[in-house]
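Below are two complexes that have chain A in common, paired first with chain B and then with chain C.
So, the complex of A and B:
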């Protein structure tokens, strides 16, 4: 039986990252394993505990804080959902980390996007972890944003993927976290639809979604 | 009357709750009715939700604490509950990073008891209003503080040229957290500490 997934992103007024077109690729990557039980940009309208209907939640929102005043309710709801056994997969947009409780749970927050912004050639390499998400995922390269991330030192995370900045410098760009009884994954690459067409990235995204849903 | 759940151990490694429970009942007399829970590894969210305040004075979390109990505490506070972590109650963050995030600090250890100066910081907060600086022999807890927690440090401790937060508070989700470092034994509960604890209880239930 397919797992239930809640997908949220911005169609109407995206700042930088429209879900349009990206959604088509996500449906294609995850369609065999997941039923898209809800696909909305209005995540802020969710009631308390409504997340519990889903096996995992995939957020691609680049509007977050400006959806106040209900956004803080979503922070509480998402923490409640994950810590009690839910799955959360945040792709590229680090906006949910604006609230500090969410930043802790996600393992960090965005400091800034490094210049040159957009379409910078980045080589991504598996970290070497034996985490199930990385099974069968090889290195890949994308034209994508490079984020300067403020990591939470206390959050225990397993780094999955690094960006190779220089010959001997690698920085974490995807990681997995067991938070309470639940699971969280953050994947930094995914600026636009081209990332979602890369075969290795597609494997990473599928495995991550399955793991957050408790399937790997 | 509000309800409080006190997590502690009568048979303890270092900090028996016996005696301290009576001090706390005296402080919160007429405000909170306190129930002692020693089997805190079996805590559930449903159980915690029955209480307006949870006081952690756990001495054996490393041995008795569980992942489900830690999840229940995080969820309880995120949903609007109130957590007071007192002295050894802060140590549970060293064996559960989720609890360290909730408390805003991971306990690292402490040297032998020393004479410590406690003084109010510049932060204006109902909990530390009219706090009187004092000096006592206590354990100086050391922490790795979380960079992200939006905490307000209300009281600092000073000894051997180091200054360390001794009382801090923050909101987490819809709930509130207060951390109070002094409280090693019944003698630790000097007047200013009692006032801090009392006012923390009132802050939790929006009475100050």
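So, the complex of A and C:
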């Protein structure tokens, strides 16, 4: 029986990261395992959304905080859902981390606003953890955004994937957190549809979705 | 009359028990007080605690117990607008992330009984109604603030050459959480009355 996934992203007014075309890849990657419900840009409905109907939530919202005046209230619904056993997978867009309570649950926030020159060739390498999400996931390279992330030392996270900055410098680019009875994963790569076509990235995304839904 | 729930250990070798708090808190805060001890930790449920005006959380060994469900229930209490005063070893919750985030601090450890001057900030003076520094013999607990969450500092103490928060508080979701980095022993609790009153006033502000 398929699990249920709630997908949120932007079709109509994306600033940098349209859900269009990315959604096709997500459906392809996860369609054997999940049924989908979709929300795009009706953010006020997220204030008291019934996330409990879903096994996991995948956020690809682009500049969510700029589009709605009630993000803090919307975040509370998600936090409540996760702590009570829900799953949350945040892909690329780190705007939810602007809300400090969400940042604590996500394990970090953007240090500074995304700037175009951060888009570059990036080599991603598994961290070496034996976390089930990383089973079968190998290194890969993408043209993607390199985020400067402010990590929260409060939240214990299992780093899944690093970006190789220099020969001996790697920075975390994906991690998993157990929060209350729920599970949270953040995956930094995913700027556009090209990421979602990479075979290793697809494995990572699928495993992350399954783990947050309690399947791994 | 307001109601408070005290969560703590009646018997925890080497650490503070709730005996002094159980006796003194009703008089200091003016709250009716119920108690949950270690036998009842695992059965804490949101439906049973949601109507308390305040939870005083001061267990000495929470991190050593399998308290996931109870931790989540306490977190829900804050999400829904509750007030929690976390005291002493209650700040050390091990890997219970949901309780760590509401304290908005990283627990770094504690030291031995020593004389401490607990000094109010302007906000502490305003909320306690008392300008004076409180001198007690107590156990200092050391915390560092979370990088994201800004807390209001009400009282501090110096240990060596470093100033540490003694009482700090923040809103979290719809609730409020105050953290007291001291124990409440039979020796210190009455002297710490202004500090406790400042916390209570913060919840009512």
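As a convention for this text, the second predicted complex is superposed on the first by the 202 of 216 C-alpha atoms of A that agree within 3 Å, B and C clash if a C-alpha of one lies under 4 Å from a C-alpha of the other, contacts with A are read in each partner's own complex, and residues count from 1 in each chain.
To be clear about the criterion, a residue touches a chain if its C-beta (ideal position, glycine included) is under 8 Å from a C-beta of that chain, and two chains touch if they have at least 3 such contacts.
All figures in this text were calculated on a predicted structure; none of them were measured in a lab.
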item: Partners on chain A (chain B, chain C) - clash or fit; value: clash
item: Partner chain(s) touched by A:169 [first = chain B, second = chain C, both, neither]; value: neither
item: Contacts of A:83 with chain B and chain C, given as first, second, both or neither; value: both
item: Which superposed partner A:1 touches (first chain B, second chain C, both, neither); value: neither
item: Chain A residues contacted in one complex by chain B, in the other by chain C; value: 76, 79-80, 83-84, 100-101, 103-105, 109, 150, 152-156, 179-181
item: Chain A - residues contacting chain B, complex; value: 72, 75-76, 79-80, 83-84, 100-101, 103-105, 109, 150, 152-156, 179-181
item: Complex contacts: residues of chain A adjacent to chain C; value: 76, 79-80, 83-84, 100-101, 103-105, 109, 150-156, 177-181
item: Chain A-facing residues of chain C, complex; value: 68-69, 71-72, 75-76, 79, 95, 97-98, 100-101, 104-106, 146-149, 172-174
item: Complex interface listing, chain B residues touching chain A; value: 45, 67-68, 70-71, 74-75, 78-80, 97-98, 100-101, 106, 144, 146-150, 172-174
